[in-house]
Amino acid sequence: MTKLSNEYIEEIVKACRPFAAKGNVIDHIPGLDQSSLTDLGVTIVTLDGETYSAGEDHHTFSFQSISKVITLLMALEDFGKDIVFQKVGMEPTDDFFNSISNLEDYEGKRPYNPLINSGAIATASLIKGGSVDERFDRVLSFLQKITENKDINMNQEVYDSEVKNGSRNKALAYFMESTGVLSNQESDDALDLYHRMNSIEINSLSLAKIGCFLSNHGRLIGRKTQLIQAEHVRTVKAIMLMAGMYNESGTYAVEVGFPLKSGVSGGIVGSVPGSMGIGIIGPAINKKGNSCAGGEALRILSRDLMLNIFHDKNVKNL
Amino acid sequence: MTKLSNEYIEEIVKACRPFAAKGNVIDHIPGLDQSSLTDLGVTIVTLDGETYSAGEDHHTFSFQSISKVITLLMALEDFGKDIVFQKVGMEPTDDFFNSISNLEDYEGKRPYNPLINSGAIATASLIKGGSVDERFDRVLSFLQKITENKDINMNQEVYDSEVKNGSRNKALAYFMESTGVLSNQESDDALDLYHRMNSIEINSLSLAKIGCFLSNHGRLIGRKTQLIQAEHVRTVKAIMLMAGMYNESGTYAVEVGFPLKSGVSGGIVGSVPGSMGIGIIGPAINKKGNSCAGGEALRILSRDLMLNIFHDKNVKNL
Amino acid sequence: MTKLSNEYIEEIVKACRPFAAKGNVIDHIPGLDQSSLTDLGVTIVTLDGETYSAGEDHHTFSFQSISKVITLLMALEDFGKDIVFQKVGMEPTDDFFNSISNLEDYEGKRPYNPLINSGAIATASLIKGGSVDERFDRVLSFLQKITENKDINMNQEVYDSEVKNGSRNKALAYFMESTGVLSNQESDDALDLYHRMNSIEINSLSLAKIGCFLSNHGRLIGRKTQLIQAEHVRTVKAIMLMAGMYNESGTYAVEVGFPLKSGVSGGIVGSVPGSMGIGIIGPAINKKGNSCAGGEALRILSRDLMLNIFHDKNVKNL
Amino acid sequence: MTKLSNEYIEEIVKACRPFAAKGNVIDHIPGLDQSSLTDLGVTIVTLDGETYSAGEDHHTFSFQSISKVITLLMALEDFGKDIVFQKVGMEPTDDFFNSISNLEDYEGKRPYNPLINSGAIATASLIKGGSVDERFDRVLSFLQKITENKDINMNQEVYDSEVKNGSRNKALAYFMESTGVLSNQESDDALDLYHRMNSIEINSLSLAKIGCFLSNHGRLIGRKTQLIQAEHVRTVKAIMLMAGMYNESGTYAVEVGFPLKSGVSGGIVGSVPGSMGIGIIGPAINKKGNSCAGGEALRILSRDLMLNIFHDKNVKNL
């Protein structure tokens, strides 16, 4: 089995960077443009506390859909799984992440799961706090703690763009208001919180720390305090495996085989149970919304390091 | 952590049997009727070769949808993953297992995955052999080998019923013929093979052996011969986790946390990576198609024995 | 053939009133409650200028979906059919009147037609005027003119209720904003105008006058001035025939056979080409949204007076 | 208003022929190929018994979907409307003519209406007769009578092609068997009868005769015998108006304004109430399935001859 080192990660970055050419950068998001097409940052943080990193790992980009993982963690901690999963399902879907028609399908008109847009807006309504400001401060504080990065904050320009281009998300929120998933009081605030969380700036190191936090069952490395109950972390990882990579989630479950969540700015967070967290940034995404170079890096890492959870390392020569 | 024993399994059977009252027996399938409502058989076979079993573990019932696992294993071995996944996807779906509308949705009109009816009919077309008889003999022979049970065979009465009530499956097959997923030559034979495989009689011990074979990466216990390549077994398990329990697959991934496949006759096969196979029979099923008592048994087993793959046993007190 | 008279209409009211028992009153709309369950008003205004009327023809109720006819007439007159039908289709749909999923289906994500909620909101954006107030004044003025009723106005209580319970309509508007059917500038105003128009108070006499205006090709009786171009009136009537009675439009085209539009407050406007306008109010509606007693009255009127446009009066003994 | 003459029809053919260039010929149907791309035959038969015709009006082509009109007429006459409309709805749909997903949507899984493929197969099960041969003989005999053309017959080569390429229709039939719309006994025969009826050879003169028969309320010109009850003919025409031109039915109702039914071989039958029948053949069809040149001819005829039923000829200067 391959041994982890910075050199190894550098090789991966070198090998995968050309895959960016198969994708496109979503250039209506502030901070992203064609100049970042071939950027690729890959960072691994192990449960032993070691960090291996290469490429544009210092570039920040907006959180986008990866924020849905944080939303779900906090909602579970704030209200418990019974209340969360009354509002949103835990089933994978074959519809698009921003689908509104699937809200007309499913039992009680709930979103299928918390990792699609409608589901994340509904889940955002379950993050506690007296005002949106207060609730968002809790989010930032939690994120700064688990990434051990005090600089994490929202990018105002991205937020303004999210709000300006947010009509689809508004439609999702008001549709859920019309079916009782959200109350009149909740929808506007949930939507605002959702837009703020999408606009948080982050880099691949911080993503890897988030993945590591998940792999460490809700604790910082070397600490005994459960910041999030282990059961909730396990729930989040199961849903990530089934629904974290848009309509390629199944393909990634088969080919990579551990919990992942991607965003349209090209970020991916990965959590290898009992072993490591992975943070990737590669802004050129494919038609499904996933980083082209980042996806390739994950396939190589999974194979080289035998990270697939459906594969038993104790069984040799497989 | 709970220690495995026959007594422990007996306790589980006793505790879970009452859950059957929440479901119904599909009594149009020959061999199933209301007299089997509270039947419950639970068998575990560990990778160490130990067997623990209790309840109606000697009752046979028809294979139904659990056969889809065997179909996929054999097709992958016969043709390789590239050809298999050109014909059928590997993504979960939110539609019903016998949905025909989802064939109008997805890329190239392929079935979403091999564990829904359309997907299994398509996959059945990729089991090699000169005639349906010959192909079905290969299936029986494979099944007899991995279950170490020479008596496994088809139930003619069930088969006749499958054919007589098979109009939905015929519709699926001919629809796929119309979109080119199946050729004119393939569809009738694939459908017949599919109906035969659904009609195989099996008990919870044999199911546990199948689960164990999956956990052992495609080898019989104590043998080195790969009957199915390990990579294919891994692929099958990933798809089982996402799509094995009908429209409750996500819920089971969260609450039980290892690969499962159920059938409408109330059977469930489970594979705990690196550890054991589980076979369950409990004919009273809920509206989603899953055994009521069997599902409860799985939740208890997963919790007591810490079988959830998103849970790290090395991390204590979780 | 039956001869028109007030007595004849009274007989119809008497015969049809019991059909109200098959339906329910939408009692969340201010002004409607169970006390109006068996109300039934039927008014006919012929192109000769005669009026025949009976029952609760003096009761006012809110316009609701019947306003969509006015919206379409004014938009066609203001912008012409090319611009109107770029924004909205002219095809019938099998989806519900407030469906949002069908906006994800159709070419260019346009609403299927102007008589479903999404279509009417889109069409409302094409009523000219400097502000919503100004645009709504134009609507009121037009309605007062064609009904020859200066008292027609909006009911503030109904409007407040429409806005308060308008989350589904908000979702439709913002979804259309997200797909470019409406611009950022248009959607809020179009939605407000739509809510105001739904809240206009009207009675069966005024409805019959609207029907008569349509039958008279866009002119007041005895006047030569085309208030709306005849071609536009023809277009509106064709769409009413196919899509005016929610998901029973086909049934009404077969059984009644002339252009109709109903609303959930139990009103129906009918236009018999070259002959008469019909106004009906019967607040108890069936599950499809159509007045139970009103529908029965239409079936009897069509049969007795030979009003079906697919039936040739010149052919005797049919 | 334009006066009818052979010269006038010739002018229309000349003016419309170039529109064929916008379409394509379905060349997998025997008898159709690119050589017939610019064919256009237009025939009008008036209720006075006059015939006006021009272009390739002598060319025969296969009946295809226009046969659905005959199926519905005969089923209504054989079983009455209550039984027919228990099996199939009378509502327009926005789905494709060969959609199978819409069978999963609608009440009782019925086809939406008799003019889509599923609906016509279901309706075909209601044409009486002891065997498929006998039932088809009744169809031919009826068709020969109303077209006054003893030569009308099935084209064996087209039939063979229909059967060979009939997997989508098989899927529709077996799906309806699975939901109880058709019984086990009915589906194969209904499908065979459907394929035979699609394969009947016909020309524009015979089509015009069919249209005239509809306009004359189910009687041959100058005869008093009702071959089909007038009420059934009226029903068929109402459904044609809403659903006869595939997913352009609404557009044709607005732009042409009388009952029509088209087929993918480029034929169209039209019935102008109280006035005339129209038969058109123009094999180049657009993406919706309607003849490009034929559609243009209908628009011109409707305008020149004031045939739109939503337009009152008594009102001048419209």
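The chains carry the letters A, B, C and D, assigned in the order they are written, with residues numbered from 1 in each.
Throughout what follows, a residue touches a chain if its C-beta (ideal position, glycine included) is under 8 Å from a C-beta of that chain, and two chains touch if they have at least 3 such contacts.
For clarity, every value in this text was computed on a predicted model and none was experimentally measured.
Determine the set of chains touching subunit A that also touch subunit B.
The common neighbours do not exist; no chain touches both.
So which chains count as neighbours of both subunit C and subunit D?
Chains touching both subunit C and subunit D: none.
Taking each chain's centre as the mean of its Cα atoms, which chain lies farthest from subunit B?
If we average the C-alpha coordinates per chain, C ends up farthest from subunit B.
Taking each chain's centre as the mean of its CA atoms, how far is subunit A from subunit C in angstrom?
48
Distance between subunit B and subunit C based on Cα centroids, please, to the nearest Å.
54
List, in ascending order, every residue of subunit B touching at least 2 other chains.
As it turns out, subunit B has residues touching two or more other chains at 105.
Can you identify all of the chain pairs that touch?
Every pair of chains meeting the touch criterion: A-B, A-C, B-D, C-D.
Help me check something: in the complex, which residues belonging to subunit A touch subunit C?
99-101, 103-105, 164, 167-168, 170-175, 177-178, 184, 187
Any idea which subunit D residues touch subunit C in the complex?
89-95, 102, 105-106, 112-113, 215-217, 230-231, 234-235, 237-239, 241-243, 247-251, 253-254, 257, 259, 273-274, 308-312, 314-315, 318
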